[in-house]
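Each in structure tokens, the structures are laid out below.
Heads up, the next two complexes both have chain A, just with different partners, chain B and then chain C.
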Partner chain A sequence: MTGGDAVASGPAPSWLLPLGLFSALVPLCGLSLLAGQVSLDPGQVLAGLAGTGDEAYGLIVWHLRVPRTLLAVLVGTSLGLAGAVLQGLLRNPLAEPGLIGISTTAALGAVLVFYGGFAAVFILALPLGGMAGAAVSVVLLMGLSGRGASTFTLILAGVAVNSLAGALTALALNLSDNPYAATEIIFWMLGSLADRGFDHVWIATVFMLPGWLLMLGTGRAMDALTLGEETAASLGFNLASLPWRSVLGTALAVGAAVSVSGAIGFIGLMVPHLLRPLVGHQPGRLLLASAIGGALLLVVTDIAVRLLPTEVELKIGVMTALLGAPFFFFLLWKMRRTQQ
Partner chain B sequence: MIRLQAEAISVAYNGRQALAAVGATVEDGEVVGLVGPNGAGKTTLLKTCAGLLEPERGAVLFEDKPLAEWRPAALARRLAYLPQGASYAWPLRVRRLIALGRLPHLPPWRRPSPNDEAAIDRAMRLADVAHLAGRTADALSGGERARVMLARALAVEPRLLLADEPVSGLDPRHQLQVMEVLKGLAEGGASVVVTLHDLSLAARFCDRLVLLRDGKMMAEGAPAEVLSTVNLETVFGVRAVSGRQDGSLYLLPWQVVNGPEGTAPADKM
Partner chain C sequence: MSTAVAAFLLAVLLWPSVSAAKPERIVSINLCADQMLLALAERHAIASLSRLVADREISAAAVEEIEGIPLNGGRAEEVLALAPDLVVAGRHAARATIFVLKKLGYRVMELDIARSIAEIRESIRILGTAIGEGQRAEKLIKAIDARLRRLAPAASGARLGAVYYQPNGLAAGGDSLVDDVISRAGLINLAAGLGVRGQGRLPLEMLIMARPHILIVDAGRPQAPALAFQVLDHPALTALTEKAITVAIPQRLWICGLPATIEATERLAKLRQSAARRNQ
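Showing the complex of A and B:
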């Protein structure tokens, strides 16, 4: 079905996990339509969807909740898949778009475009800025740490890229003639799915889809890469093109995701790690599962931020960081233990 | 038929001349051993023959066609490369790891066929790892891992196997078993090129040997000629105790001698 089911020879068929995740995702998306400031019951949501009920229901459902849910799915898919691809490419379980600075650099790209005034001229400028930022960071990371780099080098390179991009983003917003700079910084750095519309959905989809296809197509090469670069090359895989396909796919998907939702972290770290044992640690099979798993986790988190009784709605990126950072500690601790 | 022909290959590696005008041919059904001290260029020669290193000068012909003219996928179905050390990035189950050897045979988006599964089973039996099928790679001993990686290469069902130190780290029984597998592969019509440090195994299981030192070919031919007393002293810097058993030569390196240049061979991994 995808490049992910490469060498599935085992008891569990490779489509089972993606299918299971998908069948959990669908009802959760339904739940997501029910969550919000205005409490609507399922009948009212359905009426709103069908356009048969109160006009206000229709407005809330179609203008607020459907785009928000769709974006959670799109962004989650992109982040989960990008995490799995980067981990496979760099053969490192800590590679994640947020953690190693790709999302932050994408945010920088989007911010520069936004406050450079290009976004008003040309609707696709924003995602293009995000993607350019993401691409620059992946290339920078590969240059700084090299493929097959140690965890240590990768994280260090990521920290460097991350802090530089973060500082430059804050600088750009500070210098811009913008009374809401602080709020904007929070949006880009922490990410949010609130108050997005269908135009965001379309723009994101246009760029994410080819990015997803590129990334899903790397499955077999990722499997082969398990054996090291030379063996993978001897198995007929083009290891010169693989990094670039991965970079382009990541840049398209993560860049587009960040340009509509800001930098939401840790999805790409947690999802592949949780699913990896379920696919027998096979990097190719992990791709599709992580894509759907990412959507699942982000939809759930987005429901949670809306249901939590906080005065102001939590930014979704705060929530993913609260979940993800302890998870990151746990991963580091586990890796240290196995390395001793 | 000539399976592989390396013609006057020169390779520079990190600014060092790793191979200088080395040539070799491998015929069908032959096991050719590459021997020589550390840093002689054995691995470099093997990698060049696998198409993983581009020679500066010279060419490698596989089945009468230059390696560069082969489509990578077509070459990967016929030629398998088994690197030294056998590392893996993720702890896959053993059978899955071995199944990676079938990747060149799988059409895009297709699952392994019964034919592929049979090839995997055969490879596992040959490398004596069938009982490890369900274990994960991180739960293997060094020797088990080496044999799993051999099975991975055998699963390709190659016409030419290039194996770098496939017996290093194995116990005596498995060393003999692996060499017998390589011999069996050749008897089935395939060709094998193998780098070895154990000169007795080289003498007994290889049809021909290529002796390298400092990137130069010192000798080539039947094991007994290549592993002559003179060559052992000048190339390896050792004197060996030797004898014959079941018609084949065995050698036990016994003492260090200084070569004609008065130096022990350069030590480099």
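Showing the complex of A and C:
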């Protein structure tokens, strides 16, 4: 009954945690501009930003590091928020875009569009493909396991969706006439923010923003849902629209994120869990905090992959899995203990 | 079982005489070996070449050169069906196939990957000797040397920095054929100076800081899209190419070490001369 403890100690103002996370995010974004294969000192980065220094600094900072940092914020926000929404909606602590196959299916959609040549003709086709994939998987998962289904049913449904989408992605890539395509499954399955540009920032933002708004708008209904469906309905909440707003919001945000960065796992699992005790276990208040927390975690992870002295830059999903998988084991262990 | 052993023993016993004879049914399962054979072997002695030799992007063989020669996919079964008296393969590719063929008693020659023009000359000599075309090999080497001598005066004077940048942000570094070609053309391979060895990744940031005078890219790219090519279209690289001289070299000239590789050297040397003149 940790929730009771938090309520008893008196909840902090609801804006305090998001504000705290945000004020940590800003300097970390500054650090992210300093991280790279070429070592630039803060003065050179500022000169690059202002366009006053060496032209090469400007190219590196504006064309490579700024879009990369922005994408880490955008993708992290989408994944953190989607994790919180899915956990609230499915009332399931292990719901997460990566674990239950939404990211993999989004990757499949993006792969079909990109390697089919559609993205070259119409640039927004790429996020649209990702979103279509994400939407298909959420609907499939809800059909397979239903709301309030046992955690293990959901995870098993996720295993099935994950392996099917992964196999179809490998198939699509192997059918491509481009010799490089087959090896690019690594990007789609593990994700990366390397060498992305402002194009990717724009096409992702266009769809992520409405997705975020839809998801953040579910907060009050999520809180009411914790009182039970009947009570919530009697309080005047339209619960019928809640799943669809959540599904659409998740599909928009996660689909767009995966289409520009590949499937990055575990952000949506870890962030809501770490923050939940800090918001007095209220799913509504968790949403904004998880959004900013997701951005924070992905920015930090993306700095780490650039600082590690590996010959080829580590895919960011490797790093999030190294952090997230032990966390997942810990959650499973905790769940077993509470069930006994 | 005993017949297999007997066949194996027979092959071992006959080995010296087999290798001394001039092979009449040569099968190549490697793109580089294909083209070397076309340059050295009698046409009727070539029983089959690898399928890749017909790909104009990566093969310098002319269409009429390979017309009528059966192509293979490089699997052991296909090779057996061709009943070769010599199989030519690459040193590091198709290990399993080479192992099986050797075990079955076939004569397999593994051609080294040339990492310099000197090694191309060496490969020509080795293959020429193995197929009984030693004279033809020496003639080819003489022709290469003559072309290289004509390059020498062009390679003197101011040296400009160049980078060969490929899909996935790969660059040709030190100890590679491209590095030797770039140096012989009188240019400095900047990627080698940045610590890239063989073919390795050169992050876009480092390429920008290296400020190459000359950016070498592949001529043409596959029709089907791949993420690998996105780095070549990155706005940061586009901004860089506005400053540098960009030159497209067909991959077929140096993906294998061949007599055709000298043409890449000649093209780059010519470019260097005109760039140096412009710089003055």
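One rule holds for everything that comes next: the second predicted complex is superposed on the first by the 328 of 340 C-alpha atoms of A that agree within 3 Å, B and C clash if a C-alpha of one lies under 4 Å from a C-alpha of the other, contacts with A are read in each partner's own complex, and residues count from 1 in each chain.
The working rule: contacts are C-beta pairs under 8 Å (C-beta built on N, C-alpha and C of every residue); 3 or more make two chains touch, one makes a residue touch a chain.
What you are looking at is a predicted structure, and each value in this text was computed from that prediction instead of being measured.
Visitor: Would you sort A:G280 into first (chain B), second (chain C), both or neither based on which partner it touches?
Guide: first
Visitor: Output check: A:L64 vs chain B and chain C. Expected answer is one of first, second, both, neither. What do you get?
Guide: Second partner only, chain C.
Visitor: If you stack the two complexes on chain A, which partner ends up touching A:L225: first (chain B), second (chain C), both, or neither?
Guide: First partner only.
Visitor: With the two complexes superposed on chain A, say which partner A:F198 touches: chain B (first), chain C (second), both, or neither.
Guide: Second partner only, chain C.
Visitor: Regarding the shared-chain residue A:Y180, is it in contact with chain B (first), chain C (second), both, or neither?
Guide: A:Y180 contacts chain C only, not chain B.
Visitor: Taking the superposition on A as described, I'd like to know which of chain B and chain C A:R245 touches: first, second, both or neither.
Guide: A:R245 sits against neither chain B nor chain C.
Visitor: So, does A:E311 touch the first partner chain B, the second partner chain C, both, or neither?
Guide: After superposition on chain A, A:E311 lies in contact with chain C alone.
Visitor: Contacts for A:F114 in the overlay, against chain B (first) and chain C (second): which applies, first, second, both or neither?
Guide: After superposition on chain A, A:F114 lies in contact with chain C alone.
Visitor: List the residues of chain A that touch chain B in one complex and chain C in the other.
Guide: Residues common to the chain A contacts of chain C and of chain B do not exist here, since the sets are disjoint.
Visitor: Quick check: in the complex, which residue numbers of chain A touch chain C?
Guide: Answer in residue numbers: 36-38, 56, 59-60, 63-64, 114-115, 117, 119-120, 176-181, 184, 187, 195, 197-199, 311-313.
Visitor: With touch defined as at the start, can you tell me which chain A residues reach chain B in the complex?
Guide: 1-3, 5-10, 14, 91, 220, 223-228, 230-231, 233-238, 276, 280-283
Visitor: Which bits of chain C are touching chain A when the two form their complex?
Guide: Touch residues, chain C against chain A: 167-169, 200-201, 203-206, 208-209, 211, 222-231, 234-236, 239-240.
Visitor: Which residues of chain B touch chain A in their complex?
Guide: Against chain A, the touching part of chain B is residues 47, 50-52, 72-77, 79-83, 87-93, 95-97, 99-104, 106, 108-109, 111-112, 117, 120, 136, 149, 152, 156.
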